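Naming follows writing order (A, B, C and D), and every chain is counted from residue 1.
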Amino acid sequence: MIDLSVQIGKLKLKNPVLLASGTVGYGNEIAELTDLSKLGGIVTKSLSLKPRIGNPPQRVCETSSGMLNAIGLANVGVEVFIKEKIPFLKKLNTTIICNIAASSVEEYVECTRILTREEAIAAFEINVSCPNVKDGGLEFGNNLQAVAQITNKVKAVTDKPVIIKLSPNVSRISEFAKAVKDNGGDAVSAINTLVGTAFDIWTKKPKIKNVTGGLSGPAIKPVALAKVLEISRNVEIPIIGIGGIMDWKDAAEFMIAGASAVQIGTVNFINPKAGEEIIDGLIEYCKKMSIGRIADLTASYEI
Amino acid sequence: MYTELSTVESREKLNGNAYLLKVKAPQIAKSIKPGQFCNIKVSETNYPLLRRPFSVCYAEEDSVYFMFDIQGEGTKMLAEKKPGDRLNILGPLGNGFDTEGDYDTAVLIGGGIGVAPFPLLTEKLEGKEIVTFVGARSADHVIKWGMKNIVTATDDGSEGFNGNVIACFQSEVHKLEKRKIRIFGCGPNPMLKALQKEAINKYDCQLSMESAMACGFGICQGCPIKKSQGEGYYLVCKDGPVFESDKIIIE
Amino acid sequence: MIDLSVQIGKLKLKNPVLLASGTVGYGNEIAELTDLSKLGGIVTKSLSLKPRIGNPPQRVCETSSGMLNAIGLANVGVEVFIKEKIPFLKKLNTTIICNIAASSVEEYVECTRILTREEAIAAFEINVSCPNVKDGGLEFGNNLQAVAQITNKVKAVTDKPVIIKLSPNVSRISEFAKAVKDNGGDAVSAINTLVGTAFDIWTKKPKIKNVTGGLSGPAIKPVALAKVLEISRNVEIPIIGIGGIMDWKDAAEFMIAGASAVQIGTVNFINPKAGEEIIDGLIEYCKKMSIGRIADLTASYEI
Amino acid sequence: MYTELSTVESREKLNGNAYLLKVKAPQIAKSIKPGQFCNIKVSETNYPLLRRPFSVCYAEEDSVYFMFDIQGEGTKMLAEKKPGDRLNILGPLGNGFDTEGDYDTAVLIGGGIGVAPFPLLTEKLEGKEIVTFVGARSADHVIKWGMKNIVTATDDGSEGFNGNVIACFQSEVHKLEKRKIRIFGCGPNPMLKALQKEAINKYDCQLSMESAMACGFGICQGCPIKKSQGEGYYLVCKDGPVFESDKIIIE
């Protein structure tokens, strides 16, 4: 028997495959198509303090081996989440990681403070790829001080593990991982989407109403892997690898490059059973490679 | 909701650019309702990456029919499928048309490939009076497969009414004066917008809407359509694709 | 007749389609497959002062709708270039832009100083995506001061137009474009490749011997477009758009997003006639759109 | 060098995983030399993105033959091509084998699909004595199409010599003692390395090398192979793929 469990700081997962935030909603729809209890866990759609209706259409468009999205963090808000979504999530028998997005440091803290009381939540993932409303809309995720401060203040109001989800749109992502570590963060997730755009050449209008969107899918895998590797080589902190994973081979590649666990996003739209299939594939791979504990794969690159 | 690895049984070219694909997908065939759709992976590779949504056109026994137009690369690939080819299909998706309730005549109004869901709807409406308005660019684009009691309208007047399908409906509707009608509309947005306007406070009317989609089953939030009452959006894939005409704002 | 000519600062091109540095060598091989005189110009492989043999294999690997390369700036050096390559380039009847890569500011200046005497060279493109040997290998391209300084010092030794080729691996590329403008640079090229990697899951070794490589091809097009748009909206400087262009539609999209001209790279490997085909496609497009001067396409986005 | 939009004429399955594809590509067929290769775009989409290099196996009149093994997605797609399908082919590329010069016996040594260039080479070598050593995993992987005077070696001993093809050559070479031989080798790197070692200061030997490639015609510098003398690299696509065995270092 292969030991599939992995440790993300103080968070233990039964296996390293998680479903990524924003690509599984609150778990209910995809539960009809796959057995979520088999997964390492799911990360819920980014929550803000108040509900958000999100951006006007068009919100998504396809690109070569990828897609752009600008959903605009549409979500039910903390209150409705607790009342209406947590009861269902509790029944799933999988680890629930609650992702939080906010427009000010105070809002991050406030969301965490309220949600940390919920037993069903095993850990928080903090999405810093949102515009900082107070500082004129620049992304927190590109600002080292902001990421440090958010980590620090969120950690102060919860005992649960705090994972910071890093933006890839920076020169040196490892500096951000280091800021997370230095401020007590338990782990980092890498990566969120790359900033991208597309235009309709006949109307000359952007294909995404928000003008720019986030690029995800297999197109970004090489970039995501390089970011994971950079963090792995420079900072000692658990990494959750994300970006373009389509199958177990991609998942193994992320672990080899330094990830302790992985999240899958876009592939859920195409193959809602991908999570289960990836776990099965990883088991076979470990057998072939005579790997007894999957955790030994992490950062096993030979350079 | 199922993901089925189906097999193409036949492919037929209809009028214009339209194709009719019959695939074996027993689970979906048995549970599908008119107006619902499926999300189809047209290639086995990462290109195109996302599934493509198509209304179910018709279903019988273990088979499902899709009627589609070539738009871009995805539909081009679909049009090249041959009997025996495999297609991964996710469905049934969405709500479908509401055929219950108090009306005696169903008025189906379709523009272009918008007629795609009508064959299954026609079958389901057995017992009701049906009038089907089919609009097309020209005579050689008029699609009639699986529909009945058809009134055609063509933009160039080469068949039936000379003008768009809504104008055609307007000029014909007096014949239905004594009937209790319900309208089922499907087609391009400008047509649906005109139909919506026509229906205000006048007709019981359901519209099948399109939207760019990533998932097709409610997990990506990629397919919003504005609510007419209150703030916010419905999701076309989950709350629709069929909406009561007064519930949405068509852009 | 559609006026296809475009102006990149003081550099006039007969049409907006250039072949990108590193993807056409010095023009000789591809000249057998396409008529280079039809193109707006070609940008030669990055030159350094001395020849470089480049990286050991494996140097390239395919990714989803993209490829990684780590050629290691293999090139013949300035001297051999002048003696052996320029005579051929002269005969091509197309605009020759000479791309320079160096490991120190002094080397950039020295290369430019020597090459500026060559009449055949119409302009310089300065590739700042090379490690700064003196400052411990960090890329010039991620350092605002370094880019400013290189622009300034290179401009001082040549009267020819100087185009700075920007790295996309930064948070705000428009700040770099602004530094180029403020230091007298004539134009910017955007983008060079994104940093990426890939691992072989069976050997656990990187697929590229250099560990990381540069990601190019259609996978990166949405990112490249967003960078071009960002510069276009924030800095008044001519932009040469690069990244994932496969056909005339992509080229038009870049121009709409803000590019005055485009360069095509990876597609040359797949379709050596792509440049010619793109020009033909753009002519047809202009006709359909009733565009009399192709330069009017630049930044014609409607947002 | 031409880019030809060719048409698949036939596809045949050979032993093992090997396929033989015949395509109509007149310009390439007329100018190709043994040991040269073509770079084939296996799909019309961006996936896979790059062309795939294949030795020309044989050529007659307007047609070119490729012999290949399924390795990954590109070769899988190629194996699914049917007569009438279109393939964009770039070639002839590379230098090819040098068949001129002073020798009377050509010794062809191929491992696995490495025999691919031998049929055209065999034809070109008319007039010379030929011995062909064919190595394979097992009897059901031995490929003989288009070759002559074959000695087989299998790793499991199920056909011919029990062992690898270089060991087989070593055990047979005494029969050629009086001959002036030239060796032409093609196959996986470990085999070519062993052959190179065997040939040092002993045999006139040419090796056909492989490398990951992006362009195939010298513009990307993606395919280096280390020179044995002096610093630096040759490009496999342009300076090769065939090298005098003492000119290169095989990793």
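Here are a few things to note about the model shown:
Everything that follows uses one rule, which is that a contact is a pair of C-beta atoms (placed from the backbone, for glycine too) under 8 Å apart; a residue touches a chain by one contact, two chains touch by 3 or more.
Computed from a predicted structure; not experimentally measured.
Any chain bridging chain A and chain C, meaning touching each of them, is among B, D; the list is complete. In this assembly, B is the chain whose CA centroid lies farthest from the centroid of chain C. With each centre defined as the average position of its C-alpha atoms, the distance from chain B to chain D rounds to 54 Å. The mean-CA centres of chain A and chain B are about 36 angstrom from one another, to the nearest whole unit. Chain geometry summary: the mean Cα position of chain B and that of chain C are 47 Å apart.
With touch defined as above, residues shared between interfaces to two or more other chains in chain B number as follows: 46-48. Touching of two or more other chains is recorded for residues 64-66, 217-218 of chain A.
Listing the residues of chain B that touch chain C in their complex gives 46-47.
Contact residues of chain B toward chain D in the complex are 43, 45-48, 73. Of all residues in chain C, those touching chain A in their complex are 63-66, 68, 142, 169-172, 194-199, 201-206, 211-213, 215, 217-223, 225-226, 229, 244, 249, 252-253, 256-257, 285, 289, 300-303. If you check the complex, the residues on chain A that touch chain B are 22-25, 29-30, 32-33, 45, 53-62, 64-67, 69, 71, 74, 217-218, 246, 266, 268-273. Residues of chain B that touch chain A in their complex: 1-3, 41, 46-51, 88, 90, 211-226, 231-233, 238, 251.
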